[in-house]
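Consider the two complexes below, in which chain A is the common component and chain B and chain C are the respective partners.
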Partner chain A sequence: MKKIIVACGGAVATSTVAATAIRELCNKNNIPIEILQIRMNEIENNLSGVDLIVTTMRIKKDFGKPYVNGMPFLSGINVEETEEKILSYLR
Partner chain B sequence: MSTHTLFNEKLIFFDKIPSDNFSAIKILGDELVKAGYILPAYIKTVSKREFDFPTGIALRSSGVAIPHAAPENNVLKDGIAVLRLKKPVIFHSMEDSEDKLSVSIIFMLALREANGHISMLQKLFRIFQQNDLMQKLLIADNTEKFQTLMLENMQ
Partner chain C sequence: MDILLACVKYFVDLGPAVMLPIVIFIVALILGQSFGKALKCGLSIGIGFIGIGLVIGLMLSNLAPAAKAMSANFGLSMNVIDIGWPGAAPMTWASSIALVAIPIAILVNIIMLTLRMTRVVNIDIWNIWHFAFTGAIINIATGSYALGVLGVALHAAYAYKIGDWFAPVTEEYFGLEGIAMPHGDSGWFAPISVPVNWLLDRIPIIRDIDINLEHFQKFGALGDPSIMGGVLGVIIGILAGYDLRGILTLGVQMAAVIILMPQVVKHIMAGLMPVSETAKSVLKKRFKNSTFYIGLDCALLLGDPSVVAASLLFIPITIFIAAIVPGNQILPFGDLPTIGFFIALAVGVHKGNLFRTLITGIIVMFMAIWISNQMIGLHTILGENAGQISAGVSQVASLDQGGSPITYILSQIMHNTDMGGLLIIGISYIFCIICTWVWHRNQIAKTTKSSHEIPSSE
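For the complex of A and B:
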C-alpha cells in the first residue's frame, strides 16, 4: 500500500479533483494506495510513511519525499507526463 | 441538488466591471448573498483565502479563477457565480503565487462540502480543459447561452 499526500490551499476543491484523478490512475494500474487529502500547511506533520506528495501549488520546501506538481489534473496541460511521473514513484 | 440551482442564470454576469481580483470577488459575493446562497462572512473568507492561496489557473484558452473557501457554516446553498470580463483582471496563479495571469472568467464557488461534489468539480474542471468549449463560453452572446453550455456539459 502506497501512501500519497494530496494537498492544496484549503483542501476544499482542487485537491479533491487531483485526488480523484490519482485514485483512478492507480486503480487502472493496479497500485493499491491510500490518499491523505490535507491543506498545504498540514504536510509537515503528516509525513510519516508517505511515498509521494502531490500538490496543486508549487512547493518550495523540500520535505525529503518524492514530489509531483498536480496542476495538470486541473488545467489539462501535460496530464500524461504527470501521470507517468506519479507512476514512476509508485511502482 | 439541481444543476440549475448550482448554475443559476441569475448568477452569471457579463456586464460588471471589477477594478481588480478582490473587487470581482466582492461583486460575485454580494450577488450570492442577494440570491440567498451565502452569508456575507463568506466573502471575507474567500478574499483572505485568495490572498493566501490564489486561485488563478492558466488554461490553453485563457485564464480562469475559482475563488472559494472552506464553508464554515457560511454557505447556505451550493452555487457557482460567474463573472465574464471584457477586460481581464489580474489574479495570482494557484500553481505559483508569485506568478500573475490575466483572467477572463471568474467562477466563484460556494459549496457546503467539497467531498459531496467530487463529480461536479471534476465536470467543472473537464470543461476548463476543453479548449473549444472554453472558446464558446468566452464568446457566448448572453448569459442564457452561457448557462446552457455549462449545463449541457455538467450532466
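For the complex of A and C:
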C-alpha cells in the first residue's frame, strides 16, 4: 500500500480533482494506494510513511519526499507525462 | 398544471441535501456518465451537504456561546461566527441561483471570448460559487430571480477581467505561464494592492523597505490548521471565563471543526466533477491556442513562500483588526486557515515584499470585515434556506465571500439600504479598479516594448 499526500490551498477543490485522477490512474495500474487529502500547511505534520507528495500548486519547499506537481490535472496540459512520473515513484 | 406545480414544490421542499443529489444524478447521466457513477456523484454531493451541516452545527453550538461569553466579559460584540468559505460555499450551492450559475458563468465567458473582451478561458468550475453567492444574495435582497442571475453574470464578467489584468503577475512573479486567476475572492482585493504600491513607491525611505522573509516557515507547526484551531479554541475558552474542562473541550472541538470542514466539503466538489470535466473539455475544444489564458483556482498561488509567510502573519492580524473595526460583530474563524486567499495576488503585485503586503492586507481585511458585517442578515437567510442553520437560532457571516466589495456594491445598487456605505465602498473600490486598469495598460506597453527590443539585440 502506497501512501500519497494530495494537497492544495483549502483541501476542497483542486486537490479533489487531482486526487480523483490519481485514484483512477492507480486503479487502472493495479497499484493499491491510500490518499491523504489535506491543506498545504498540513503537509509538514503528516509526512510519516508517505511515499509521494502531489500538490496542485508549485511549492518551493523540499519535504524530503518524492514530489510531483499535479497542476496538469487541472489545466489538462502534459497530463500523460505527469501520470508517468507519478507511476514511476509508485511502482 | 396544478399537479406539475405541486410536483415542483414537493421536489424543492425535499431540501438541498436530497434535491441536489437527484439533480446531479440526472445531469451526470445526461453528460454520459454510467448509471453507477452518476449515482455516486449525486450521493457524494448529498454527503457533502449532510457533512457540512454537522460541522456547522458543532461550530455554532459550541463556538457561538463561547464567543458571546467572551464578548460579554470584554465589552466586545464579536458573537457572530465567521463560517468561512468552506461554510459559505455549500450554502451557496444549495441556493436556487446556483443551479443556473454554472451555465451562465460559462455563457458569459464564451460571449466575452468571442467578442475579444477577455483572454481568460475559465475552467475553474468550483469557484463559480463566488459568482453564485453574489447572485443568491441579490436574489434574497431584492426578491428578484432575474436580478440575481444578472448579479452572477456581472460578477463573472468582472472576475474574467481581473484574470486578464493580473495574468502578467501570475506569469512573472508566480511563474505560471499561460494561466490566469479569475477568482471570485482572491480577485477582488488585488486591485487594492495597485494604488498602495504606487503610493509607497513615492514615499522616501518607506519605498526602500523590502522584507522578503522566508523565516516564518520555521513556525510551520503553528501554521498547521489543527493546532491553530485548538489554540484559538483554548484562547476563546479562557477569555470566555470557562473552567479548565470547558476550555480544553472547546480547544479540541475547534481543532475538529477546522480539520473536518474541508473533509466534508470536498464531497461536494467530487459530486460536481462530471459537470466540471465536461465544461472544461467543451471550453478547451473551442478556445485552444496560445493567445488564451487558462483560468484556474487561486489555490495554486498558496504554495509561494511569501504567501505562506503572509498567511501566517494574517491569522493574528485579522483577529486584531476584527477587534478594532467599528461595530464589528464577527469573530473570524472559518476563513483563518486559508486567509492566504485574501492576499495571494497582492503578494505578486508587491513582488514578494512582505512589508507592502502587510499594508495592502490590513486595508483588505478591514474592508472585508466591515462589509461582511453588513451582510450578516442576508447571509443568515442564505444559510437558513440551505437548511444548514435553524431559523432564528443563530446568525452567520463569512469573510470570503460575505466580505467582498463586488457582492456588496452590486447588491446595494440593486437594493439600496445604506447609501453612505455604498458611496464610500463604491467610490474607493472603483478608484482602485481604475488604478489597476491604468497600471495594466502601462504593463502591456512595457512588455510590448521590451519584446521589440529583444529581437533587435540578437
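We adopt the following convention: the second predicted complex is superposed on the first by the 91 of 91 C-alpha atoms of A that agree within 3 Å, B and C clash if a C-alpha of one lies under 4 Å from a C-alpha of the other, contacts with A are read in each partner's own complex, and residues count from 1 in each chain.
Going forward, contacts are C-beta pairs under 8 Å (C-beta built on N, C-alpha and C of every residue); 3 or more make two chains touch, one makes a residue touch a chain.
Keep in mind the model is a prediction, meaning the values are calculated, not measured.
Novice: State whether chain B and chain C clash or fit side by side on chain A once the two structures are superposed.
Specialist: clash
Novice: A:Arg91 contacts which: chain B (first), chain C (second), both, neither?
Specialist: After superposing on A, A:Arg91 lies clear of both chain B and chain C.
Novice: By the touch definition at the top of the document, which applies to A:Thr16: first (chain B), second (chain C), both, or neither?
Specialist: Both partners.
Novice: Check whether chain B or chain C contacts more residues of chain A in the superposed model.
Specialist: In the superposed model, C touches more residues of chain A.
Novice: Quick check on the superposed pair: does A:Glu44 touch chain B, chain C, both, or neither? Answer first, second, both or neither.
Specialist: second
Novice: Which holds for A:Lys61: it touches chain B only (first), chain C only (second), both, or neither?
Specialist: After superposition on chain A, A:Lys61 lies in contact with chain C alone.
Novice: Between chain B (first) and chain C (second), which does A:Leu74 come into contact with in this model arrangement: first, second, both, or neither?
Specialist: Both partners.
Novice: Which listed stretch of chain C (185-193, 221-229, 239-247 or 419-427) steric-clashes with chain B in the superposition?
Specialist: It is 185-193; the other listed stretches have no clashes.
Novice: Once the complexes are superposed, what residues of chain A are shared between the chain B interface and the chain C interface?
Specialist: Shared contact residues on chain A (touching chain B in one complex, chain C in the other): 8-14, 16-17, 20, 40, 56-58, 71, 74-77.
Novice: Going by the contact rule at the top, pick out the chain A residues touching chain C in the complex.
Specialist: 8-17, 20, 37-42, 44-45, 55-61, 71, 74-77
Novice: Applying the document's contact rule, which stretches of chain A touch chain B when the two form their complex?
Specialist: Residue list for chain A touching chain B: 8-14, 16-17, 20-21, 40, 56-58, 69, 71, 73-77.
Novice: In the complex, go through chain C and note every residue touching chain A.
Specialist: Contacts found on chain C: 85-86, 89, 123-124, 126-127, 174-176, 179, 217, 220-221, 223-226, 262-263, 265-266, 268-270, 273, 276, 280-281, 284, 294, 296-305, 308, 311, 337-338, 340-341.
Novice: For chain B, which residues count as touching chain A in their complex?
Specialist: Touch list, chain B to chain A: 49, 52-53, 55, 57-60, 66, 68-70, 94-97, 109, 111, 114-115, 117-118, 121-122, 125, 128-130.
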